[in-house]
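The two complexes that follow have subunit A in common; it is paired with subunit B in the first and with subunit C in the second.
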Partner chain A sequence: MPHLENLVLCRESQVSTLKSLFGERHHFSFPSIFIYGHTASGKTYVTQTLLKTLELPHVFVNCVECFTLRLLLEQILNKLNHLSSSEEGCSTEITCETFNDFVRAFKQVTTAESLKDQTVYIVLDKAEYLRDMEANLLPGFLRLQELTDRNVTVIFLSEIIWEKFRPNTGCLEPFVLYFPDYSIGNLQKILSHDHPPEYSADFYAAYINILLGVFYTVCRDLKELRHLAVLNFPKYCEPVVKGEAGERDTRKLWRNIEPHLKKAMQTVYLREISSSQWEKLQKDDADPAQVKGLSAYSHVELPYYSKFILIAAYLASYNPARTDRRFFLKHHGKIKKTNFLKKHEKTSNHLLGPKPFPLDRLLAILYSIVDSRVAPTANIFSQIASLVTLQLLTLVGHDDQLDAPKYKCTVSLDFIRAIARTVNFDIIKYLYDFL
Partner chain B sequence: MATSSVSKGCFVFKPSFKKRKISVAIEDYFNNGKNESEDSKLRFETYHLMWQQMKSETERFQEELNKNLFDSLIEFLQKSHSEFQNNSRNWGFQIKLREIPTAALVLGVNVTDHDLIFRSLTEAIQNNVTPYVVSLQAKDCPDMKHFLQKVISQLMSCCVNTKPQKEESVNVTQKKTHYSVDSLSSWYMTITQKTGPRMPSKKRTPGRWHPPAVVLILKDMESFNTKVLQDFITSSSQHLHEFPLILIFGIATSPIIIHRLLPHAVSSLLCIELFQSLSCKNHLTTILDKLLLTTQFPFKISEKVLQVLTNIFLYHDFSIQNFIKGLKLSLLEHFHSQPLSVLCCSLPEAKRRISCFSASQCENIRRLPSFRRYVEKQASEKQVALLTCEKLLKEEAQSLLESLHVYHVNYFLALRCLHHFTASLPKYPLGRQIRELYCMCLEKNVWDSEEYASALQLLRMLAKDELMTILQKCSEVFNSSSGKQLGSSAKKIEDFLAQFQSLDADAKEEEDASGSQPRVLPRTDLYHLQKSLMETKELRRTKKQSRFEVLREAVVNFIDCLVRDHLLPPETQPLHEVVYFCGARMLREHLNAAPRMALHAALHNPHYYLKNEALEGEEGCIPHTAPDICIAYKLHLECGRLINLVDWSEAFATVVTAAEKTDVNSATSEEMNEIIQDAKTSDSTEVNTCTYAHRTLSLKAKELMTTGSWTSTSSDLFVKAQPIPGIPERPSGKTTQCDSLSFTADYHHILRPSSCSPVE
Partner chain C sequence: MPALPRQRREPSGGIKFVEMSNRKTKSNILVRAESLSQVQRILRERFCHSTHGELFGVQVQYKHLIELLKRTAIHGESNSVLIIGPRGSGKTMLINHALKELMEIEVSENVLQVHLNGLLHINDKIALKEITRQLYLENVVGDKVFGSFAENLSFLLEALKKGDRTHSCPVIFVLDEFDLFAHHKNQTLLYNLFDISQSAQTPLAVIGLTCRLDILELLEKRVKSRFSHRQIHLMNSFGFPQFIKIFKEQLSLPAEFPDKVFAEKWNENVQCLSEDRSVHEVLQKHFNVNKNLRSLHMLLMVALSRITVSRPYLTSADLMEAHQLCSMDSKANIVHGLSVLEICLIIAMKHLNDIYEEEPFNFQMVYNGERRIRYFLSGTSLMPENTNVLIDYSPEFQKFVQRKAHSVYNFEKPVVMKAFEHLQQLELIKPMERTSVNSQKEYQLMKLLLDNTQIMNALQKYPNCPTDVRQWATSSLSWL
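Our next item is the complex of A and B:
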C-alpha cells in the first residue's frame, strides 16, 4: 500500500512485522503484542495509522484517563459496542465492575455481525498504568483470546520494557516489539516532511538541518522538535521576507537564526518562557533576555519569624544533633571537628540530604538564633504548620500528637542562604559541613 | 417549688413565655453589667456605623489594588482562548503542540488572604470571560476520582446557575459513576451545542461563535498531589480540541514549584505565563494610609497597639485579613471599654452629643487624666468653674474636641512631609515606611531622639535636585488636603521652590564669573603643594556659605519647626483618650495567644483559672485540694530530667493522703482501702497503693498527651517510665491498660470527689 508508506516514515521494518503479525482479517493473530520504545518513537502513531488505514476493527484506550478498573473496562466495551452497532447509533451503556463481567460482556458484544470472523484489536496506550491497578488485570488481558474464545488481539503500548511488567505469578508472554529511537537522519526526514505550503521543501529541509544541529544534542523528542521548528520558523524566514537574502542563501540565514535558536534552547525548551510569549517576542523583535523566566522569580517573601524557623529547620536538618551544643551554647569550650567526628559523618551531610528532627529541637535552635526573646505563641506553631503546607518543610511520618512531630527541611542551600542574608544571619558559620 | 401538693401525681406545667426569650441582643453585651450602661447602646451603634464605613473603604481600595492584576489575567484568558479558536486552520498551528494555556498566579505566603482574592477573581472571570469557572483545593482532591468529581459537580452547578430551568435533563443523564475526562468533554459538547445557537443573537460577536472556555483554578498548587496533577494535565491535553481548558495555578511561594511538581513531559504541555500580585507589605502600607493616617475616621490607635498589630503582621503571618481583624477588635474593645468613646465620631455629631451629656458622663470627662492635666494648667478660678459648672465643662470639651481634630489634620500633613524628607535618606534613620515614622512620633517627642538628629544632619547634606523633588512632593501633600490648615507652611514651601529655581539662573552667572578667573597651578615641589592644599582647606572652612547652602539651612529649619509644632505625641492633647485606643496588652493576649504559657499557668496555679479560694496556696507548697493533674505536674517539676515513677507516685500519694488524714470524715480513705483489698484479691500479684497511684498518674499523663497539652510543653517534660521492681510485666499489655483505665476512672471518683468540683 503506497498510501501507508507516505504516512509512516522511517518505521518500515516495524510496520511490516506488525502487518505480518496481523495477517488476514479472519486469521487468528498473536493474543497479545507488547510494543515499547522511548517517548515520541512513533508507537502510538504507527499503531493507530496502521489500524485505521487497514480498516481493522479496533478500540483505542488511553490508560491515563481510566484511573479505575471499571472506567477502563467500560470504555473498552462501550467503544466496541459503538463499532458493532454503528448503524443504529449509540445503544445502551454497558456497566461492568469486574474482569469476569468484562469477559462475559465481551463475548456478547463480539457476536455482532460486523465483528464476526475478523480479529478485534484492543490497544492500551500507556500500559504502565495497568501495573498500579488490580493484579488480575494484566494477566487477564494477556490471555484475553483464550478466556473469551474470540478472535482478539491486545496491543500494549508502553515506554517501559516488558521485564518490568511481568507479574510474579507468571503469565502468558506477549510478542515483544521494540521501536528504536529515530536516528538524526530519520528525524531530518520526518521533520522536513511537513513543510509549510508557502515554501519549498528544500528550503525547509535546510532549516531543519540547522535546527537539528542546535537541538539534537539536548533533545531527541520528535514532538518537541516539531514544536520548536514551527515556533522559530518565522524568524528564519525573516530575511527572505524582507528581501535581504534569497532562499538559497543558507549561510546568511544560518547566521541569522543560530543565536536565536540557542536562546530558545535556554528558555522555551525548558518552559521558562511560554511559547506564546516567545512568539510575541519574535514579532516585536525584542531581546529575549528582557523577559525573565520562571526560575528568575525564586525569591520568596516570608514573615520575619518564618525566616528564622526555616533557618533553624535547615540547621536541624543538616547538623548532627550532637553538635548543637557547640553551635548554640555560649561557653562550649573548644571542640575541634576532628574530635567528635564519627566515621560515617565524614561524608558531607549535604550529600546525604536532610535528616528528620523533632519539633523541640527546632524550637530550641530557634530560640538561640533569634536575637530578641521569642514567646512560644500560637502564631509560631501555626507558622510551622503553614511552612509545611508551603512545602518548605515536610512532616515526617504520621502526624501523631503523642510523639513529638518530626520534620525535614526541604529547601536548598542557595535558597536558605538568600533567606539568611535578608536577616543578616551568617548561616555558613553554623553549618557543620562548612566548619 | 411550683406545687404545694403533698400527694404523688403528675403536674402539667405550661412553659412560661418570659423564660423563653433568653437571647440577648448584641448591643446588650456592651453593658458591663454595672450602672454605667446609659450610653452603651449609642456606643454600639457608633461602633457599628464606623466599622461599616471602614469595611466598605477597605473593600473599595482592595478592589482597586487587585484591579491591575485581574485585568491582565482576564486579558490573558480572553486572548489565549480566542487564539485557540481562530488559528486552527494555520499550518503551524496544526503541527505545534497543543498547549494548555496556564496562568501562574503568585500570591505570596499569606495563604489566609488568598480566599478573598480567588473569590473576587472567580466573580470577575464569570462576568467577563466564561460562566464555567471551577476552583479546587488540594485537600478535596487526594486522587483523580475526587478531583474529577469536584470539577464536574462544580461545572454543573455553574451551568445550573446561569440557566436554571434548562439544564435539569443534563444533570439527570449524567450518571454518578462516570467521572472521567472523556465524559467531561462529552458533557461539555452537549452543553455548548445546546446553548451555542442561542448565544450569538445576544452577543453579536463578529465571526464564528466560540464556545466559552472552562477555567480551572487550583488554589494551592503546592499541596496538590503530583500524580493527580500530572494525570489530569496529560489526559485533558488530549481532549483539548473538544474541551478548551485554561488553568490558573495559585502559587504561594515561587513559580519554580511548577518545575518541582511537574516533569518536563508534563510541563511541556502547558503554556505558562506568570502573574504577580501586589506585595503584602505594600498592601499594609495602603491600609494604614487609608484607615489610620487620615482624619476620615476619628478612631486612632496608640503606639503600643500599632506596634502589636504590625508586629503580628510582619513577624508572623503577613496576613492582611488578620490585620484588619485586629483593627476591628481594637475598635470594638475601645467602644466597649471606654465610656467616653461615644464622642469618637464626626466632629459636629460629637459636639451635639456633648451638649446632652448626663452628669455622670461629665464626671467621666473630669476623671480623664489628660483633662485633669489640662485643668491644672488653667487659672485657679477657671479650674473651679471647670470642676463645678457643667455648662462650662461642656463648652470647654467641645472646643477641646475641635482642637483635637485640628491637631490631627495638621499632624498627618506634617507627618507626610517629614516622611518625604526622610524616606530617601541613606540608612533610613527614621525608617523607610511611613508606619515606622508614625510609631516613633506617637511614642514620644520625635525631635528628642538621636535618629531625628542624624536625619537632620543628613538633610543638611542633600543635593539641590533631591531637595527640590522632596519639596515638590511636600507641596503636593499640602495641595491635596482641602483644608486651609497650615496654609502658611504650604506657601513657604512654594517660596522655597521658587527660590531654588531662581538660584539656578544665578548659579549660571556665578559660574561664568568664576570660570573667567584663570586657575593656573604653577609647578611646585611637594612642600608647596602641601602648603597650598592647607590653604585651600582653611579657605573652605572660613568660606562664606553659598546661597544654596543658606537656603538649604532654611529648609531644614523649616521642617524642624514644622515637626516641633505639629508632631507632638497625642498624650499631650487633652481628651485624647476619647479617640485613642491603648489596650495593647489585651490585644496581645487575644491575637497572639501563648498556649504553652497558659497551660503552665493552669497547671502550676489552678487558682488563676478556677477562681476557687481553696486552691490558693502559698508559694512553694502543693495544696492537696488542687486537681490531681496539677499535683502531678508540680511534683514532676521538682525532679530533673528523669522521674522514677515509684517516687513520683509515692509523692503523689503522700500529698493526697496527707490531707485525708486530717479529714474528720475518713469515709473516703476507708473506701480506698476497700478498693485496694478488692484489687489485691483480684490480682494475684503483689500490689500496693503505689501501683494505683502510679497507674492514675501514667494515665493522667497519657490523657494530657492525647489532649495535646503535653506535646507542646518543653522537652524535659517527657517522662521516661521505669518499670517498678517486683511487678512482673504482663503479657497482654493492651488489655490491662484498658482495664486499668476504667478502673482508675472509678477509683478516682470515689477517692477524690472534691477534685472535680472546682472544675465545674
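Our next item is the complex of A and C:
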C-alpha cells in the first residue's frame, strides 16, 4: 500500500509482517501478539497507523493511563461499545469490576452487527505495567480468544523483553515480534523528513548530519533527537540569516554550531535547563555558563556557618573515624605507618557512598575547621535541621533517637568543592581518599 | 495483463488462444485467491482457535476419561479426577472431545455442565454466582440468602432434582486452572465439591485441569482426603517421527474442501515437505526446544501467513524463516539498539564482574572503573598490584582525559548517568534492593542481568562498533 509507506518510513518489513499475520477480516489470527523494541522505534505509531488505515475494528489503551484493573477494563468495553454503535450517540457507560464481568460483557458487545465475523484488536501500550496489576490480568488477556470464544487478538507493546513478563506457572505464549532499532541511515532519513519549507532539503540534511555526529554515540532515541533538532535549528540558520555565510558554507556553519551543540548536551539534553530557557539563550546570545540550571543545587545560597557545617558533614561521611586525629588535631603526634595501608583497601569511600556519623563527631570536626570560636548555640543546631530539610543531609536511623541522631551527607564532590572554594577552604587536603 | 507462469502444460496455439488463455489465467487467479482464502480460514482456525482438534497419542487417557464420564452420566456415580500436563499438551482438547462424545449419547439429555476457570473466578463468591448462572437457577435462587457456602451450594444442587426425588440431573464440573482454585480462602469451593462427590447426593463429576505436577501438595488435608486421587497425565509422549506425522496431518486440508483439485495439489505439496531434508532439520531444531503442539501451531501459522496468490504453496524456505522469527534472542536484540556510550557502560560492568566475581556495583564504581581501565589500555604504566579502582586526581590522569584521541568518550558525568538510567529502564541492570529515598542514585548497588557470552555475541553483531571499544571488551585482565 503506497499510501501507508508514505506515512510510515523505514518500517516496511514490519508493516508487511503484521499485515500478513492479520490476514483477511474474518480470518482468525494469533490469540496474542507481543511487540517489543526500544523506545521511539515506532511500535505504537506503526500499529495505530496500520489499524486505522486498514480500518480494522480496534481499541487502543495505554496501561500507564489506566493503571487499575477497573479503569483498564471499563475503557476497553466503552470504546468497543462506541465502535459497534456509532449512530446512536452516547449509549450507557458499562461498568465492570472483575475480569469475569469483563469477559461476559465482551461476549455481549461483540455480538453487535458491526463487529461480528471480524477480528477485533485490543492494543495494550506500555504493557510492562500489567505485571504490577492483578496477577490474573496478564494470563487472562493472553488467553482472551479462548476465554471469550470470539475472534479477538490482543496486541501488547512494550520496551521490556517477553522473558520478563512470563508468569511463574507459565501461560499461553504470544507470538513475539521485534521492532529493530533504526540504523543511522534510517534516522537521517526520518529526521530530514520534517525540514521546514523555507530551506532546501540538502541544507537540512547537512544540519542533521552534524547533529547526529555529536549526539549519535550518546543517544539513539528518535524523540530526543527530533526535539534537539528542532531546538537548535534556528542557531544553525543564524549565519545564513545574518548574511555571514551562504547555505553551502558547511565549514563556517559547522564551526558556528558545534560548540553550541556540545553545550546543549550538557544542559537541554539532561533537562538541566528548560527548552524555553534554551531558546531565550540563543536569542540573547548570552554565555551559557551563566544560565541558572533547573536543579536545586545551583539555586542554593547558604549562610557562612551552614557552609562549614556541610563541609564538616562531608568530611565526617567520607573519612573513616580513626583518621580524624590526623586531620583535625593540631598536634597529633606520631602516626604509625600500619594505619595507613590504604593500598590494601578494596574500594575507596567515594565509590561506596557516604557513611552515617553521629552528631558529636560533626560538631567536633566543625570546631576544628572553623577559625573563630563557635559556640554550640541553638542557631547552629537549627542550621543543621534546615540542611536536613534541604536534603543536603539526611537523617539516618529512627526518629525517636533524640540524644544521638545520626546523619549522612548527600552532596556530590563537585558541589562541596564549589562551596569550599567560596569560603577559601581546601577540602581536598582533608579528604582521606586523596592522600 | 501480466501472464502468470502456468502450472499446467498448455498446447501451443495462435493469438486467439493466447487471449483465451489470458482470460483463463485471470479467472484462475480469482479461483485461486478464493481457494487460498478458504485454506487460510480453515488452517488459521485450526492453528489459532482450535479447541476441537485431533488427539495424538492419548488414546489410553481418553478412554479412561470417557469411561468415568459415562459412569456419572448413565449410572449416577460421583467421581473426581485431575488431568495434569504441561502447557499446550492438550488438556482442554481432551476434555472437550470427551464431553462432545458424551453429549451425543441419548441418555445424556439431562446432563448439565458447569465450566469454571481459575483466571476468571478468582474467589468463591464469584464462582458461586457463576455456577448459579450456568445452571440457569437464577430464578430459583431469587432473593434467598443463606449463611454458608455449603448451604448455598446444596440448595442449588437440590433444585436440580426433577420431580421424583430419586432422579437428579448429573452435573459435570470442569475446573480449568485448578491450581488457582487451591489458593482461594480455605479452599471452600473445592472442599464442598469434593464433599458432595463423596457423599451420595447429586451425581457429580469434578474434573480439574492443571499444569502443576505438585497440585496435590497444594490441597489442604481435608480436601485431599475427599479427593479420589485419580490422575490422568498428558505428557507429550510422542517421538520425532510421530512429530513429523503430526506436522503433515496438521497442514493437510480436509476431504470436504470445495476445490478438490487445489486441495489435492496442496496435500501433495505438504507430503513433499514432510519428506524434505531441510524441513526435517527445522522441525528437529524446533522439536528439541519445544515439543508441544501449541508451539508447532505457532510455527506453522507464521509460515502460512507468508503465502500469497503468486506463491500459493508452502516452501521449506518459508518454514526456515518462520523458525528464525520464532527463535530470536530478545536480549541480544535489545543490546543491538543501544548507543555506544551504553555499550561502554555494559563493558565496564562486565569487567567489574570479572574482577570482583559478580559482587554488586554502583554507578560510581562503573564510572570510575571505565576511566581507570581505559587509562590502563592507553598504555600508560600501572602497577599490577594496584587493584582498587579509584579516582586519581593526579596530574597525569587529567592529562590523559584531556588527550584528544580519547575526547570522544570524555562525557560529563550527568550524561553518563542518563545512559545508566536508560539501561535500568530497559531492565538490563537491576537494583539489589528497592530504592529508598535516603540513598543517592549513584551509590545504589546494582546487578547486571547479562552474562559474558551474551555480551560478546551482541558485540559481534553490533553495527559500526568502534574498534577500540571492541578491543577493550575482549582484553582479558588476567593479571588481576
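The definition used in the following text is that the second predicted complex is superposed on the first by the 294 of 435 C-alpha atoms of A that agree within 3 Å, B and C clash if a C-alpha of one lies under 4 Å from a C-alpha of the other, contacts with A are read in each partner's own complex, and residues count from 1 in each chain.
One rule holds for everything that comes next: a contact is a pair of C-beta atoms (placed from the backbone, for glycine too) under 8 Å apart; a residue touches a chain by one contact, two chains touch by 3 or more.
None of the values given here were measured: they were computed from a predicted structure.
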Which of subunit B and subunit C A:Ser29 touches, first, second, both or neither: second
Contacts of A:Gln75 with subunit B and subunit C, given as first, second, both or neither: first
Which superposed partner A:Ser276 touches (first subunit B, second subunit C, both, neither): first
Which of subunit B and subunit C A:Gln145 touches, first, second, both or neither: second
Touched partner set for A:Leu435, first subunit B, second subunit C, both or neither: neither
First (subunit B), second (subunit C), both or neither touched by A:Ala201: neither
Partner chain in contact with A:Tyr178 - subunit B first, subunit C second, else both or neither: second
Shared contact residues on subunit A - subunit B and subunit C: 270
Subunit A-touching residues of subunit B, taken from the complex the two chains share: 80, 83, 91-92, 95-97, 99, 101-102, 104, 106, 108-109, 111, 143-145, 175, 177-178, 180-182, 220, 222-223, 231, 234-235, 238, 252-259, 264-265, 267-268, 270-274, 276, 279-281, 312-318, 592-597, 705-706, 708, 711-712, 714-715
Subunit A to subunit B touching residues, read off their complex: 39, 62, 64-68, 70-71, 75, 93, 95, 194, 196-197, 223-224, 226-227, 229-231, 233, 270-271, 274-277, 294-295, 297-306, 358-360, 364, 375-383, 386, 389-392, 401-405
Touching residues (chain side subunit C, partner subunit A) in the complex: 37, 40-41, 44-45, 48-49, 51, 86-88, 92, 117-122, 126, 130, 179-180, 211-212, 294-295, 298, 301-302, 305-306, 325-326, 328, 330-331, 333-334, 336-341, 362, 364-365, 368, 385-391, 393, 408, 411-412, 414-415, 418-419, 425-427, 438-440, 442-443, 463-464
In the complex with subunit C, residue positions of subunit A that touch it: 17, 20-21, 23-24, 26-31, 36-38, 41, 98-100, 103, 136, 139-140, 143, 145-147, 151, 159-164, 169-173, 175-178, 180-181, 183-184, 216-220, 265-266, 269-270, 272, 343, 345-348, 350-354, 394, 396, 408, 410, 412, 428, 433-434
